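The same chain A turns up in both complexes below, where it pairs with chain B and then with chain C.
== the complex of A and B ==
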C-alpha cells in the first residue's frame, strides 16, 4: 500500500514539476477556456442573454468551455509521455499500473482545477454571476465533475495518444462517455446559480460521485492493458 | 472458416431469409392497423427489433472484450469487432426508423426522450470504438485498446440512461407515446413483433459471422504477406 502511494505521488510530482517548468498545458488550457467563454458570449448575446434562461445557459457555457479546455490539457499530458517514451518506461517499470494511472488522473485533475478557478472568476466578471454566494457548493460540483473528466479522459488520452491520428481522436472517444458528467455538472451548477440550492443539486452531485467511483475503479484495473507493449 | 463450420451454418442464412419473409408478411397482413396511429405504427416491428439487436450486439462486444483480455485469443477480438460493426448498423437503423415513426405520430422528427437519447449516445460511443480500431495498425495493441473501449463503453450505458432520464424529467414532458406495455398488444401484433424479433436476431448473427469470417481471412492475408516480406 505504501509503495502504491509512493508511485502515485512520484507520478504526480513529476507531472506537476514538468508543468511548473514549462507551463505549457496550463497556459493553453486557461487561455482556451477564456476564449470559449468569450466566444459563447458573442454567440448568445452579451452575458448569455437575459431572463430566466440566462442562468442555465451560463451553466452550460461554463461546463462546455471546461470540457473543451480539459481535452487540450489531457492530450498534452499524454502527448508528453508518448514523445519522451514515457509509455515504454511505465511499461518496463515494476510499478503497479493502477498507481501510475491514478497519478496521471490526480495531476490532470489539479491542472483542470486551476483552469476552472480562473474560469469561475471570468464567469463572475463577464457574466455578472455571484459565484461567492455558493462558492462551497460550486467547489464540490467542480471537484466531482473534474475527477470524472480526469478519470475517463486520462484513460482515453493514453489510448488516443498512440493512434495514427494522435490527439484528434480524443474528443470523439471522450465526449460521448462524459455525457452524464456534463449533464450533471450543468444541472447542479444551474441549481446553485439560479437559487435552487442543494435540494435541486444533491442528486446530480451523487450521480457524479457514482460515475467517478465506477470510472476510477474500472479504468485503474484496465490501464494495465493499455500499458503493455 | 473450416469446412465443418461452413456445413453446420450453411442453413442459417436460408432460415433467416424464410423467417424474415414471414415477419414482413406478418407486419403487413397479419398485424391489424393501430387504431390511434394508423399505418405508421407498423414501423414498430422494425424499430423495436433493431433496438433489441443493437443492445444485444453491444453486450456481446462487452463479453468478447473481457474474454479477449483474459485469454488473449485473437479470435475473440475479431468477434468483438464483428459484433460492434453489426451493432452499429442496427443502431443506425433505430435512429433512422425512430424519426420516420415519430414525425407522423408525435409531430416531430426528434424528441430528447431518454431512450432515444441513450441510443444516440450509444451509437456515438461505438462509432468511436470503430474509429479507434480504424486508426490503429498494430493488431495486438489494437485488440487491447479496443477491448478496453468495449468494456468502458458498455459500463457507461446504465449511467447515461439514468442521467438522461433525470435530465428530461426536470423539463415538461414532451408529447411522447407511452405504450401500455406488451400485455396490451393484440395477438396478431404479437405474431408480427416476435417473428420480426427472431428474424432480426438471426440476421444479426449472419452479419456478424460473415464479418468475422472476412476479418479472419484478412488476418491470414496479412500473415502471409508478412511471412513473404520477412522471408
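== the complex of A and C ==
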C-alpha cells in the first residue's frame, strides 16, 4: 500500500511541478472559463438575466464553461505525456497502473479546482450571485463533479492522446459519458443558487458520488490496457 | 533468461513479427540486426511489455512477463522517455519512484550513474536544454536506474556524434562485462554488433533470418540474411 501511494504521489508531484513551470494548462483553462462566463454575462445582461430561469441558466453556463475548459486542460496535460513518451515509460515500469491513473486524476482535479475557484468568483461578480451563502454546499458539489470529470477525462484523454485526431476525439468520447455528472452538477448548483437547500440537491450529489466511485474503480482497472501501445 | 516464445505481432493487417522464438541467457549480449521495418523495435517493445504479442508470449526467468518482472528490465527506446520541463535529477527521481526505489537508494544511484555517464554537472539542468547526446545519456541513466537484469537498447548509438557514441559504447560494454546481465541492442552498424555482442541475430520480414554466435558469424553471412526473404510475413 505504501508503494501504491508513493507512485500516486510521484505522478501528482511530477504533473504539478511541470504545470508550475509552464502554466500551460491552468492558464488556458482559467482564461477559457473566464471568457465563456464573461461572454454570457453580456448576452444575458447585467446580473446574468432575471426571472425564475436565471439561476438555472447561470448554473448551466458555469458547468459548461468548466467542462469545456477541462477538455482543453486535459488535452494539454496528456499531450505532455505523449511528447515525452510518458505512457510508455509508465507501462515499462512495475508501478501499479491504478496508482498511475489515480495520480493523473488527482493532478487533473487540482488544476480544475483552481480554475473553478476563479470561475465561482467571476460568477459572484458578473452574475451578482451570493456564492458565500451556500459556499459549503457549492464546494461539495464542485468536488463531486470535479472528481467525476477528472476521472472520465483522464481516462479518455489517455486513450485519445496517441491518436491523430485527439483534439476532436476527446470531447466526442468524454461528453456523452459525462452527461449524468453535468446534469447533476447543474441541478445541484441551481438548487443552492436559487435559495433551495439540501433537500433539492442531495439526490444529485449522491448521483455524482456514485458516478465517481464507479468510474474511478472501472477506469483504474482499464488503465493498464490504455498504457500499452 | 529472456525468451520470446512464438511471438507474433500484428499492426492492422500487417504482421510486424511472425512466430518468432528467441532466447537470451544471463551474461549474454545479443545484437538485433535487420532492415527498417524488420521487427526489431517491435520485438524489443514486446520484451519490455510495451506491446502485447498478438500470439505467443514473452517469458523472463521462465515466467510470463508480469508487472513485477518489468522491474527487472531497463529499456532505452528511440524516444528518451524524459520530461523536457523537468531536470535530469527530477526525471530520475520520478522514474525511480515508479520502480519502487527508496529515497536514500535513489540519491546514491543517481550519483553513481551521473558519475558513470559524466552528467553529474547537468543533473539540475532541464532536459529541454540538453543536446541529443546528453539526452541519450540521461535516458540511459533512466533505464539503468534500478540496476536491471535485462537491458534493452533500441539503436542506442543513432544520431550521436563519434565522441558521444564512443562514450555510450564504453558504458554499454561495461554493462555487458559486468554482472550476469542480459543485454539486447538493435543497431544498423555491423562493426558495433560484432564488436560488442556475443550473439548476432538478424530479423527479416518479422521472422528470424539468422542467429549465430559472433565468433562463428561473418559479415557476408549477416548481410546475406538482411536480404533473405523468409516467406511473406504479411
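The criterion applied here is as follows: the second predicted complex is superposed on the first by the 223 of 229 C-alpha atoms of A that agree within 3 Å, B and C clash if a C-alpha of one lies under 4 Å from a C-alpha of the other, contacts with A are read in each partner's own complex, and residues count from 1 in each chain.
In this section, a contact is a pair of C-beta atoms (placed from the backbone, for glycine too) under 8 Å apart; a residue touches a chain by one contact, two chains touch by 3 or more.
These numbers were taken from a predicted model, which means no experiment stands behind them.
Shared-chain residue A:53: touches no atom of chain B or chain C.
When the two structures are aligned on the shared chain, A:164 is found in touch with chain B, with no touch to chain C.
Of the two partner chains placed around the shared chain by superposition, neither chain B nor chain C is touched by A:128. Of the two partner chains, chain B and chain C are each touched by A:228. Of the two partner chains placed by superposition, only chain B is touched by A:176; chain C is not. Once chain A of one complex is fitted onto chain A of the other, the partner contacts of A:38 are absent, as it touches neither chain B nor chain C. When the two complexes are overlaid on their common chain A, residue A:187 makes contact with chain B while staying clear of chain C. The contact surfaces that chain B and chain C form on chain A in the two complexes overlap at residues 228. The residues of chain A lying in touch with chain C in their complex are 3, 6-7, 10, 13-14, 17-18, 21-22, 80, 83-86, 88-97, 100, 228-229. On the side of chain B, the complex with chain A involves touching residues 69, 121, 124-125, 127-128, 131-132, 135-137, 141, 144-145, 147-149, 151-153, 155-156, 159-160, 162-164, 166-167, 170.
Within the complex formed with chain B, the chain A residues making contact are 152, 155, 159-160, 162-165, 169, 172-173, 175-177, 179-180, 183-184, 187, 203-204, 207, 210-211, 214-215, 218-219, 222, 225-226, 228.
Those residues of chain C that touch chain A in the complex are listed here as 45, 48-52, 67-71, 73, 75, 77, 79-86, 90, 94-95, 97-100, 142.
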